[in-house]
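What follows are several structures.
Shared between the two complexes below is chain A, which has chain B as its partner in the first and chain C in the second.
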Partner chain A sequence: MTAGTPADTGIPRDAEGGYIDGNALAGPLAELFAVDLTAATSQCAHCSNTGPVASLHVYRQAPGLVARCQQCGQVMLRLVRAPETVWLDMSGITVLSIPVGAD
Partner chain B sequence: MAIISRGFHGRRPPAGRKLPPGQYETTGFPVLSAGPTPWISTDKWELSVTTETGRRHSWDWTALTKLPSETPTADLHCVTKWSKFGTRWQGVSLDVLLADVETAAEYVLVSSYGGYTTNLPLEDLLDGKAWIAYGYDGRPLAPEHGGPARLLVPHLYLWKSAKWVHGLELRENDTPGFWESAGYHNYGDPWQEQRYRGD
Partner chain C sequence: MTERRAESATAVTLVLEVPEWPGHLAGQHVDIRLTAEDGYSTQRSYSIASAPDGTRLELTVQRVLGGEVSPYLVDELMPGDQLELRGPVGGWFVWQPEQQEPVLLVAGGSGLVPLMCMIRSRRAAGSRVPFRALYSLRSPAELLYGPEIRQGTPGVDVTHIYTREGPQQSVRPPGRITPDDLARHGWPPDFAPTCYVCGPTAFVEKAAAYLVLLGHDPERVRTERFGGGED
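Entry: the complex of A and B
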């Protein structure tokens, strides 16, 4: 569940637990990459769990987006969007498997 | 007919109070977090200070709450642009906690239960500028706001006031914390609008 934006703060309020799924990364990552990375499979650098990027736990009620492993809870991706720069840390991901069209 | 939105501008600050550049006032208390809220019982809680020589000082909950406390009133400024005036806290000044700590370090790396970190100069924790806060608005500090205890450094953006504080590492060298290593400003003075690296 994704609720609305409390008028008093302008900050989105997310479901119980404070996170939403990795599909929330689609828009911010589409600004940077030509492929939809939420369709990719990622391997966690901390516990080696492999799963869809779309299944990561994304915390966005924060100064940036923080995507955590759905298995061990460690940080896999951080994205900070400034007016003129995007900082993207993917050091918590060892391998991305990205589906592409056949030649 | 075109619909023209004037956007959200928040409310004007109360008379005599000034907002840092780019901020708006909120009367709520937004909860921001980069991860799940850790629930730490006070009987298992501990705060440690480790010096650059490896000397470790620690306080359990009983020891912390026996120290003389203060009740600072502070304006909070979050880098996500909201500010909240006149928040009332209870906590122990870092001047008290660090009084018997011998150090020549210039920097502190703060760590929290849950893995969050943030860095700041040691001098920003001293001279009545910072507290380990365990009470808010006359009540125990709620977990979503950093309870049982959080760092409170209100003269810097609120990401420096680490929730669920667990350890202070006094260091000779500055080490960027969680947000500082991901594009946010290393110091974070709201009056200079030091939001991002390079500001």
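Entry: the complex of A and C
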């Protein structure tokens, strides 16, 4: 492959660097939940892949935060903060397993 | 904010005094919210740089060209100014002094900040767990925490990887991080280290993939991506 222009990779430049990860959900979710959900393991409703919420690909260009599966790219979680309401859509997650420490 | 300290031409450490700060774990971050006079507000996450120390907190912020929040923090915020912050948050990309396994830190650019917090917390806790760190940066001018890294910490080995321009005495030609760098300066996979990789998204994707390729258990490779370009 000849090195050089971004077009060589076949991936648009901003798609490569356009996401951050689930660690960035920690603050917005801490506003709602008593435990840290980024350390939880989530299962994707589309491809059944499991992994830590912290590893989801998070896009913040939307009017909120959109978290996608790191495996199949489908939407797993959406969070929008309006002045008086938080909208949380988790329909892309079938199971969350949340470490809570020993009972 | 009580004090600001330049770390490089484009990065500054902000020293904050946070009443009722509950303490933090190494690797955690805070969310900072800025609100304009017209009510528009935006927030960004910044990693904590300092080891837990009462109500004192240090953040190192790299100016992002065209950024909404970092130019204000780097260039305009002055001692005495107030900041709205939430935290500490994040429970996955953290290192705790109880951990006994060796640790590999892989930093791209200002991705060093939460990893430096781990090095400082290790020292503060008197941990003797061996750390190795690979720090990828464009050129010596971008070096963060230079004097502190040069002074060194027993049990912590730091290797610098220059991607564009290295110092004259540097043996390795400038270039992006390679699997060979990680094999040579990291840990063998059978030592079962926990690996922490932090930096721009493209850097993290690449370095984490190399570690898995070298045989590290993907569950032991923890990542934090902050977007932007590659270093």
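The criterion applied here is as follows: the second predicted complex is superposed on the first by the 86 of 103 C-alpha atoms of A that agree within 3 Å, B and C clash if a C-alpha of one lies under 4 Å from a C-alpha of the other, contacts with A are read in each partner's own complex, and residues count from 1 in each chain.
Following the convention adopted for this analysis, a contact is a pair of C-beta atoms (placed from the backbone, for glycine too) under 8 Å apart; a residue touches a chain by one contact, two chains touch by 3 or more.
Owing to the predicted nature of the structure, the values given are computational and were not obtained by experimental measurement.
In the superposition on chain A, A:G64 contacts chain B only, with no contact to chain C. Look at A:G18: by the touch rule set out above, it reaches both chain B and chain C. Applying the stated contact rule after C-alpha superposition, one finds that A:G73 touches chain B and leaves chain C untouched.
By the touch criterion defined above, A:A30 lies against chain C but remains apart from chain B after alignment on the C-alpha atoms of chain A. Shared contact residues of chain A with chain B and chain C: 17-19.
Residues of chain A touching chain B in their complex: 6-11, 17-19, 59, 61-64, 66, 68, 73-75, 78, 80, 82, 85, 87, 89. Contact residues of chain B toward chain A in the complex are 8, 10, 26-28, 30-37, 79-82, 115, 159, 179, 181-184, 195-198. Chain A makes touch with chain C in their complex at residues 16-24, 26-28, 30-31, 36, 38-39, 52-55.
Remark: chain C residues 29-31, 43, 45, 86-87, 89-93, 200-202, 222-230 touch chain A in the complex.
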